[in-house]
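Here's the structure, in structure tokens; my notes come after.
Chain IDs A, B, C and D follow the sequence of writing; residue 1 opens each chain.
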């Protein structure tokens, strides 16, 4: 890991990065437990092992910058400044949740901090981010829009259409591929005929860069370059963060498509463990501070869970609200016999 | 010996190119006389791509076609009579009047149909490739599409699938510089469409699509590669449509194209160039040319007569042919 | 009000021009808009009047609609041109899973002021890929509003309302009505969504219809007058929200209903209207509700086939005769 | 008559048909080694190899389009779209290509293609993984549509679908996969267009399909306790639709309730209701009632989802309304 000649400012930032990564890890772990205990319905996709990508990228974004995220998006939301209370509440289907219980794990959004939503359709975020980029350009602001997506999405049509459009219009977009090696169960080596997703940038004349997505500082540096390029009006970048999903595609995934050994091998490259070692070597972190960080975060998350559990479920008739801005029975035609 | 074969082949190719041009001119004329309804998308100027590509194909090879597809149909061996009848909406047409100009299909001749949706044919070509692979034959699929299609999602999904499975598909971009009114230079930000092959790890070549021999040679290489199981190729054939996008294009497409550009491309007219070279090489003589011209003229006239004499379909037929 | 004659296209251009002048966040995006002001001339003059606000795209329907959505979510008011209603299929995920659901899925956080405009309809020998009428899909999809007017007055008023709506609108116009003329006031006006309009009053039977079929219905209504049958023609104008009040009022008056649209009859919007009428006004009906729509086949190319498949004046007349137990004169 | 689950029935059928027809191919996401996300294709890759069991990248358009291309050129194909919610990603291919290809070409091509997909809510999968979209395809000419409700029907109908030379959309409901039923040992086919009277009754006809049949049967059982005899008809195939069986029942009971899980507005129920009133207006003693999902996307939270999707109680209430007992 890099880190030669860092300054005091860096140490503060780095600790903040570390804290966020731990927060995501703990959030995901607790979410897994809540799901197993039946407190979260539906299905959930955990981002354990991919924290460096979320945190590295979002750490160079402003509050008014936009992101679109994916079905595996809890990490992005937390890294962009999402409120864990409202996240847990949403996962548990409570009325205090981000989407008042209408969205759930796959559809968390917080428009007030630029999170344009997670998407249940693979590659669903691409066209939306092009629109956000276009909007920035038309409004003449210096915001930036970031599209997170997985390796699976890079084989879908919207990837192609969006990268081309962003390129010909030089939109302020960073396309961030979190290549976690698997699209559900399909290995990226099978589904894609090129070695690196970043190569695909060439088809659109946009820079493609591939970095170790488990190294938060590498991700941050690459993201910073791409974001600056976008802010200066020089157009989009395709960034590939090579990482590995340590959990199944969804909770309950029997994972027959990979071996235990493979997962263990990649566990050694756990982004949090790597960064922890680095910070300890740099004497920025010691056992005590580390313990404090984990404890504080656990406390915050436990409180958030409590908040969610104490929140009421929405009233059934709430199901008929929030479809149109203009409310009214004639629009929904709610009659049930 | 080889020379003789080449000569016969070249003459045949030349005749086909002339046939395509005359067919299109006649179709435009018929359209202007209100004998053809809807619209047609003439391929005048792109004859070298159709003929160069299809001359390499066997009858049992497959072809996927576009809305601007008359030339490819003819080059793939379609019957002019049944084509013309289809354009005129007659019951003797290839699709019994149900398809029209944009949807001519001739399954017996390997023509799996023209498509009204830009980029609509690419996934189907992949499927035909799968079929060949599963049946274990050495057929190939020639998939035509325009420069407008290269920005559709289906292009991406199809090239990727063909690449990972090494399917015998040749993707042929008839790059006529315009997607309706949008110039390709504004629609993509790379200089060559063939560079998109890099994104799938397959060979991609940009070539002079108005040079029928160049098209033939590159296609031959791509077909050999496909037949031997090495997978797909992307051919970007630079060409130009002299007519507008379609018969409804104001000013035949000169509202978005310049006179200079048009003249420059006319200088590179594929038929003129091929003709000159055939004369230069002594393959074509004035006598032979005359013969060819007469044959072409007769065949087009026959096609028109056949179509005009054919009955319109019975209205009740409209509800037939949906299910097998 | 001072009226003058405008074509549907002119009415649309005028509406867009006024709205774009009023609100700088409105922009138009789609394929081939600048060179000819749209392939139907529907934006003629606008690219020059509003440079940079009429945006040409590559052929990428998915991304055109998606980009409109993204812009709508971030403070703009996009007007998306889809060329042909048939091409909604190329952007179906965007329309059904994104545009229609995002506000609801996210618990009402977002406004989606987007208009997706597309010409639909057959009758021009454009064959199976350029002739469909697909409004039923979008009425079935919760979260969208669907508009399909026929007269210049309605087009202008509804385009303006649609642009100002904070909800997503699918706006269909039949290709064959673009050059049709009608009176349009010079003064500013808007037409609220969800209001039907009686285009021809009558007491014996109600034809509930929209888009080009209104024109056929009006012709038939005139002809029927001679035969002593007074036909009421109700032009829905907005398909969703639907003006149930006006439908009920008319049915209660006439007790006989024909619903007509050019789209495929099976599971078309007519089915919904008919089912609802018989549910709520069962006792008002003196006869079964009749529906007129296209045969359940793709639109064929050849003129006699196409004429057979899509409904027109004759099919309406036949249905009326059927309804009143009259002999059909075989003409 | 062994008891099998719905999933086992489908798998057994696919295996038998692949053994029977050496050209038959399966194509879709995660259907190979993984065996499909619901386990339907488990073991088939091992038995039939990667050419005949093709796992694809996430490329819905290309899955459908390539299945079409293969079907047109001699390979009978079963394509799988993991969720019906993703069919919009391939809508052009399904609607403009698959459904129209034969007609546009004047009837010259066979399209032996089955699109297997899965729909329905009830599991907290929210707006983009819970839809019931059959009405979209019902409106489009050129597709046959199958909506089985039991392992027995699924087997007989899937066989017919695979052997059909037309494109068929075969829609499974995610809550049916684990349900069990008995099927005979020998081979049998169920022809399309034959509804099945799952329970006879004289007072009211309940028309339904897919998972809602189970709810309708439960409701009917409950109603029987109150002396109301409901006839439950499982339509099994929507295209072709067995109008004859429907009308026969309507003429007997004079009262009809249509139940489906898709949105009520513009749903299949509207079309069926129209057909009935057009054909049997004078037999109706009460307006035809339709029950469908409320006209909103499927929400995530349990109380909300329950409010939106039709329940057994809704059916009971609907029947009573028809009998003027409310």
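Keep in mind that, in the parts below, a contact is a pair of C-beta atoms (placed from the backbone, for glycine too) under 8 Å apart; a residue touches a chain by one contact, two chains touch by 3 or more.
This one's a predicted model, so the numbers in the text were calculated from it and none came from an experiment.
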| item | value |
| --- | --- |
| Those chains which touch chain C and also touch chain A | B, D |
| Shortest chain-hopping distance from chain B out to chain D | 1 |
| Chain centre separation in whole Å, for chain C relative to chain B (CA means) | 37 |
| Computed distance of Cα centres, chain D from chain C, in Å | 31 |
| Separation of mean Cα positions, chain B and chain A [Å, integer] | 46 |
| Residue numbers of chain B (touch at least two other chains) | 93, 95-99, 103, 115-117, 120, 151-154, 157, 160, 164, 186-188, 322 |
| Shared-contact residues (touching 2 or more other chains) in chain D | 56-57, 59, 61, 85-86, 89, 92, 96, 103-104, 126-128, 141-142, 265, 289, 295-297, 299 |
| In chain C, residues with contacts to at least two other chains | 57-58, 60, 62, 86-87, 89-90, 93, 97, 104-105, 127-129, 142-143, 295-298, 300 |
| Pairwise touch network: line, ring, star, complete, or other | complete |
| Complex interface listing, chain D residues touching chain A | 29-30, 33-35, 37, 55-61, 85-86, 89, 123-129, 264-265, 289, 291, 294-297, 299-308, 310, 314, 317-318, 321 |
| Chain B residues within the chain A interface of the complex | 151-157, 160, 163-164, 186-190, 195-196, 198-202 |
| Chain B residues touching chain D - in the complex, by the definition given at the top | 62, 64, 93-99, 103, 105, 107, 112-113, 115-117, 120, 122-135, 153-154, 157-158, 160-161, 164-165, 320-324 |
| List of chain B residues in touch with chain C within their complex | 37-39, 86, 89-91, 93, 95-103, 115-120, 148-149, 151-153, 179-182, 186-188, 250, 255-256, 312-319, 322 |
| Touching residues (chain side chain C, partner chain A) in the complex | 25, 27, 29, 52-53, 55, 57-58, 60, 62-63, 65-76, 78, 93-94, 97-98, 102-112, 142-143, 145, 165-167, 194, 240-242, 244 |
